[in-house]
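Take a look at the structures listed below.
Look at the two complexes coming up: subunit A is in both, with subunit B in one and subunit C in the other.
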Partner chain A sequence: MNPVIGYAAIAAVALASALIGFYGLRVSRTTSDFYVASRTVRPWWNASAIGGEYLSAASFLGIAGLILLQGSGGLWFPIGYTAGYLMLLLFVAAPLRRSGAYTIPDFTEARLESTWARRVTSTLVIVVGWFYIVPQLQGAALTVRITTGLPSWVGSVAVAVLVAVIVAAGGMRSITFVQAFQFWLKLTALAVPVVALLLIVGGGEPPAQLTPAEAFPPAAGPADLDVYRTVSLMVALLLGTLGLPHVLVRFYTNPDGVAARRTTVIVLALLSVFYLFPTAFGLLGRAFAPDLAASGEADALILLLPGRLVPGIWGELLTALVIAGAFGAFLSTSSGLVVSLAGVISQDLLGGSVRGFRIAAVVSSLIPLVVALSTESTGLAGSVGLVFAFTASTLCPMLILGIWWRGLTARGAIAGMLTGALLSGGAILGGPLLAAAVPVLRPFLEQPAAWTVPLAVLVTVLVSRADHRGIPRGADAFLTRLHVPERRVH
Partner chain B sequence: MPESMLLAAALGVVGGALAVGLVVFLRRIVLSSKELGTDAEQATYQTLHLASQAAKHLRGGIDELDAARAGKHLRALLGCDSLAIVDRSGTIAIDGDEAVRPVAERLAAAAIASGRQQVQRRIPIGAWETDAVVAPILGSTGPLGAIVAFASPVRAGLVRATGEVADWVAAQVELGELDASRAALAEAEVRALRAQISPHFIYNSLNAIASFINTDPAQARELVLEFADFTRYSFRRHGDFTTVAEELRSIDSYLRLERARFGERLKVTLQIAPEVLSTVVPFLSIQPLVENAVRHGLESKEGGGRITITAADSGAFAEISVEDDGVGIDPEVLAAVLAGGPADAEHVGLRNVDARLRQVYGDELGLVVETNVGAGTLVRMRVPKSGPRRPSSTGTPDGRLEP
Partner chain C sequence: MTESSSGRADAAGPPPRVRVTAPRPGGGGASARPLPQHGGAPTSDIAGVYARSLIRSQLRLAIVFAIGFAVATALFVLAIALVPALDSSFVFGVPASWLLLGVGVYPLALTVAGLYVRAASRNEARYRSLTEAE
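What follows is the complex of A and B.
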């Protein structure tokens, strides 16, 4: 592959993101008209921004790789990633917007009236964010290695440094515009190559390396699925979306709860459309590039397939588009995460100053970089799935019970979050070792959400019930605020 | 193997934390045995420690929850079997044996009525008997409640100590009331500081409208409506908070009225990040900055000038600034005004907003003003998007509007 194309695509995306981030607001919203200036973000824009922030390396590269490796089993990931927004729509979006809280720790503190509950939540949010950034950096490492031939650490370092510099220099001022741009970039970068590839292979040239019957053996169909693993994965993906810090922050941009709900519906539609394309890539890969199906390499399928099937300059252009989209995915997700993490860190530890925010932004990009450099990717979709499992076992019970159960107390929430963190964290970190010793436990350790989430909920409820201090004094007033629809001025 | 590396890292962190904890713990044991001093010193320390623990809960008054928490420490302080704290309305918090409740109720009622300390001996409770000492908690305005200590037998030391504890509790509760009234005073101060429409502005606006009535009745009608909108917002009585969007709407009405006088001499540039429109800000906190810019920056400048209002997204904060290219302010005059000059001085609007921001968000988030004579003025504020940490007792801090 021609490395110049890789360099050019990466540089173009990085430059475009930075320029829109720094100047987008100045160009698009300098006016002397108050009506224009106080137009709120339309649900369409905000939904695009949420999509841009949410679609990470796992969605862009990981899903196609997983389908190449596992066949139909990999299809559960796009389903779960999308359906998580259904849970968000049903249980969280509008009440959280009405709470007026900007971050999850703000919500916890306002709901439970406890600084300790806030500290535990902040710590978990930071841990979740950091571990979510790691796969983005690993995806960048893979992309740079495949497309330019440079050593893989270059990719991780480049993305981490870019994100740290852009965020610390105030380059996410018009974050909604940047992220919305990234969504449409990602969608285009997958949709155009997929349509082109389908047109080309529809003409019979080049011939498929595997016939459909070989590529999709009936034995590996849905009948073969392990019920426990599937259920557990679904629990993790459906509930994990609820606690992702960078996604929840975007709902604050909506003017009210109704707009928050409408935005979520549009996000569902946008994601449903988007996930058609990585899925199609995965299926094409199974038929036309089965040799890529090796662990760690499969994630590069989307980057390599256009060059293999389309010869000449058109193939190179398609590859450039795909590389640009992939880099958009790494940059947008990591910068969204770094912005919200830096907000939490600077508010809780550094007194909320501008300087504190910059320091926190640099720290939040460098720590995941160290982790990404010292570990090796074993599949992007899988590692993001584990972050979802951790979020689902820690932040999600607290959020849902905090919104829907007035009996939740600070001690109950802290106990539940710590239980969930210890169990799911232990299963993720210590799982491989324990599974080698006791093979029967393997599925339970590899997909822990189905037992850790109920346990965390149970502990939260029991400790809250046993808490002799009773529910927080302002709980009723706060819940009223969450659930009573806004009245408009007539 | 990445898993084993991760595992090793996790084990290392946990092991390191445990080791540090162990060292700190051992150090404390070694030091504590050496440095605690004589028995009398230890007893003094113990007493003061228990008293300060109890004091934390008494500052909020002696309702059931706080009294129960304080009671635990007070019982340890007095060394009695059970302790009951009863408030004026008869709410009882008991630490120890719950069976003493009816007796405590009776004794406390008697003590509150008489205002005198009493000792009763041989009170039958179930199958056994106990002595009790009751002391009224006497505040400056009369009895606040009573403390009943049960022990068998009650000795003279306990009787004296109970009386002292009751006095001490009274002092703590009154301190708590003082805190509460100080907070109420601060809140009232903020409300009093709430910007008022200046009579000057009303007079000017009405004059401007009057001048249009004959020449351009349509324009005059528009202006009257703007004036109505503006006053309706400014005279709003409920809620101390609003959103940036609402505040902008009011600024728009205000500037239309001012433009009736200034004409083309008053230019405005806006740059508002849509993310911050729903941020909750103190009521009338941006409009006075604009008014200050018009009245003190541009009015006296020949040829008018430009006002630039920006609101930008900055992580968990919204940054709002109002800039004018008018005559500027002498920094020393401004410093005197912000430090609390005479209430009728110029730029009192700035001081007003500054004081309220500090009151609501803390001293580090007051106004930042960059100015000099002839160099224009830039006023900036940073508001946390999460809203005020201490929401006021009235109004919804989320800036929702009532119809």
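What follows is the complex of A and C.
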């Protein structure tokens, strides 16, 4: 691949993101501007920004790679990533906006009237955020290595530094612009190549490497379903979305609960359209680039396919477009996460000042960088899926029960969150070792959500029941506030 | 967290800017804030009854729609799996079964979302008419 294309595309996206970020700096001056964009964000902008933030390396590169590797099992990832917003709409969107909480720890403290519950939540949010940033940096490493030939670490460092600078300089108001821009960039960067490739392939040149029957064997098809793994993955993705810190922060920028619902439905529609394109890439890859699966470079499918199928300058231009989109994906998801983590860290540790926010932004970019540089990527979609499983087992039960059940107590919430964290964290970290010793357990350790989420909920409910005197005095008033519609202007 | 919600978004024009400041840790949290002194504040027992019944009906709605989505998706996948002809009939070189799974669940999710928003707003409108009639 011609490295000049890689350099040009990456530099263009970095420059565009930085410019939009700094443009936003001129209008963001006060603490409230930094934190929540002063609540002037409209549903379409907000939904584009949520989409821009949400569509990470796993969505942009990982899904196509997984379809190439696993076949129709990979189709479940985009379904789960999208349907997660349906769960968000049903259980969380409007009440969370009405809670007036900016971060998940704010919600916990307000609902449970406990600083300990807040601390546990903050810690979990920070862990989730850091481990979600790691695959983004690894995706950046892959992209830079494949497209420019530079060593992998350059990509990770470049994204981490850019994100730290943009977030520390602009805060969330500018990030809303950047994120909305990133969504449309990512959509264009996949849609245009997919349409071009389909037109070219439809003409019969170049011929597919495999016949349709070889490329799409029934053994990898929808009928050959591993029921436990699929159900567990769906539990993780559907419920994990509810607890993602960078997603929830965006709901606070909606004017009211009704707008929060409208935003969620728009996000659902935007994602439904977006995911058609990585899916198409994955299906094309099975017929036209099956060798990438064998060589362990499946995640690079989207970056390599346009150059392989389209000769000459047009192939290079399409490649530049997908590189730009991929880099946009790493930048936008990482910066969204860094904004929300910086919000949590600066409020809890640094007094909630603008300066504290900036320090926290830099720290939140650097720690995942260290982890990313010292670990090896094992499939982007898979590692993000595990973060979802962890979130679904820890933050999601607390949020849903906190919103809908007045009996939730601080002790119950803490016990449930710790149970979920220990079980799912243990399965993710210690799973490979244990699975080697007891092979029967392998699917349960590799996809833990189906048993860790119910156990976390059970512990939360049982401990809260036993602790019924611990029900916060303001529980009824708070629940009313969450669910009662805002006053309309007459 | 203090917010001076002097006005809500109206239909036209950008929503008014609302100043929001970050909450101070340990500063009492949101429960120390005054509750919204309008339609929904539980100023009397009857208001509390209305609020609780609103919460119950919204929860029932959310659960029904979540289960409905899960059951519909499961039936859809089962239907794909039970028709082997879908694996061997190719559309643009891709088996119909793969295309259906890759595309079919999104319209389902959107439909469920649209219906839910209408039903949830209806619940809220009913609550509003009850409390404002007082």
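Heads up, the rule we're going with is that the second predicted complex is superposed on the first by the 466 of 490 C-alpha atoms of A that agree within 3 Å, B and C clash if a C-alpha of one lies under 4 Å from a C-alpha of the other, contacts with A are read in each partner's own complex, and residues count from 1 in each chain.
Everything that follows uses one rule, which is that a residue touches a chain if its C-beta (ideal position, glycine included) is under 8 Å from a C-beta of that chain, and two chains touch if they have at least 3 such contacts.
Please read all numbers here as calculations on a predicted model, not as lab measurements.
A.B. asks: Check whether A:469 is in contact with subunit B, with subunit C, with both or with neither, and answer first, second, both or neither.
C.D. replies: first
A.B. asks: May I ask you to name which of subunit B and subunit C touches more residues of subunit A?
C.D. replies: Ranking subunit B and subunit C by residues of subunit A touched puts C first.
A.B. asks: Tell me which partner A:481 touches in the superposition: subunit B (first), subunit C (second), both or neither.
C.D. replies: So A:481 meets both subunit B and subunit C here.
A.B. asks: Could you tell me if A:94 is touching subunit B, subunit C, both of them or neither one (first, second, both, neither)?
C.D. replies: A:94 contacts subunit C only, not subunit B.
A.B. asks: Once the shared chain is lined up, is A:374 touching subunit B (first), subunit C (second), both, or neither of them?
C.D. replies: Touch status of A:374: first partner only.
A.B. asks: Is A:209 in contact with subunit B, with subunit C, with both, or with neither (first, second, both, neither)?
C.D. replies: neither
A.B. asks: By the touch definition at the top of the document, which applies to A:432: first (subunit B), second (subunit C), both, or neither?
C.D. replies: first
A.B. asks: Under the contact rule defined above, give the subunit A residues that sit at the interface with subunit B and also at the interface with subunit C.
C.D. replies: 30-32, 36, 38-40, 99-102, 106, 255-256, 343, 347, 352, 481, 486-489
A.B. asks: Once bound in the complex, which stretches of subunit C touch subunit A?
C.D. replies: Residues 1, 3, 7-10, 14-26, 29-31, 33, 35-36, 38-42, 48, 51, 54-55, 58-59, 61-62, 65-66, 69, 73, 77, 80-82, 84, 87-88, 90, 92-95, 97-98, 100-103, 105-107, 109-110, 112-114, 116-117, 120-121, 124, 127-128.
A.B. asks: Show me the residue ranges of subunit A that touch subunit C in the complex, using the header's touch definition.
C.D. replies: For this pair, the touching residues of subunit A are 30-32, 35-36, 38-40, 42, 72, 75, 79, 82-83, 85-87, 89-91, 94, 99-102, 106, 109-110, 113, 115, 118, 202, 208, 212, 215-216, 218, 221-223, 225, 255-256, 258-259, 261-262, 264-265, 268-269, 272, 275-276, 279, 283, 287, 343, 347-348, 352, 404, 472, 474, 476-481, 483-489.
A.B. asks: Write out the stretch or stretches of subunit A touching subunit B in their complex.
C.D. replies: Within the complex, subunit A touches subunit B at residues 25-26, 29-34, 36-41, 98-103, 106, 170, 172-176, 252-256, 339, 342-344, 346-347, 351-354, 357, 374-376, 378, 429-433, 469-470, 481, 486-490.
A.B. asks: Applying the document's contact rule, which stretches of subunit B touch subunit A when the two form their complex?
C.D. replies: It is residues 1-7, 9-10, 65, 245, 248-249, 251-252, 255, 267-275, 277-278, 280, 312-317, 364-365, 382, 384-387, 396-403 of subunit B that touch subunit A.
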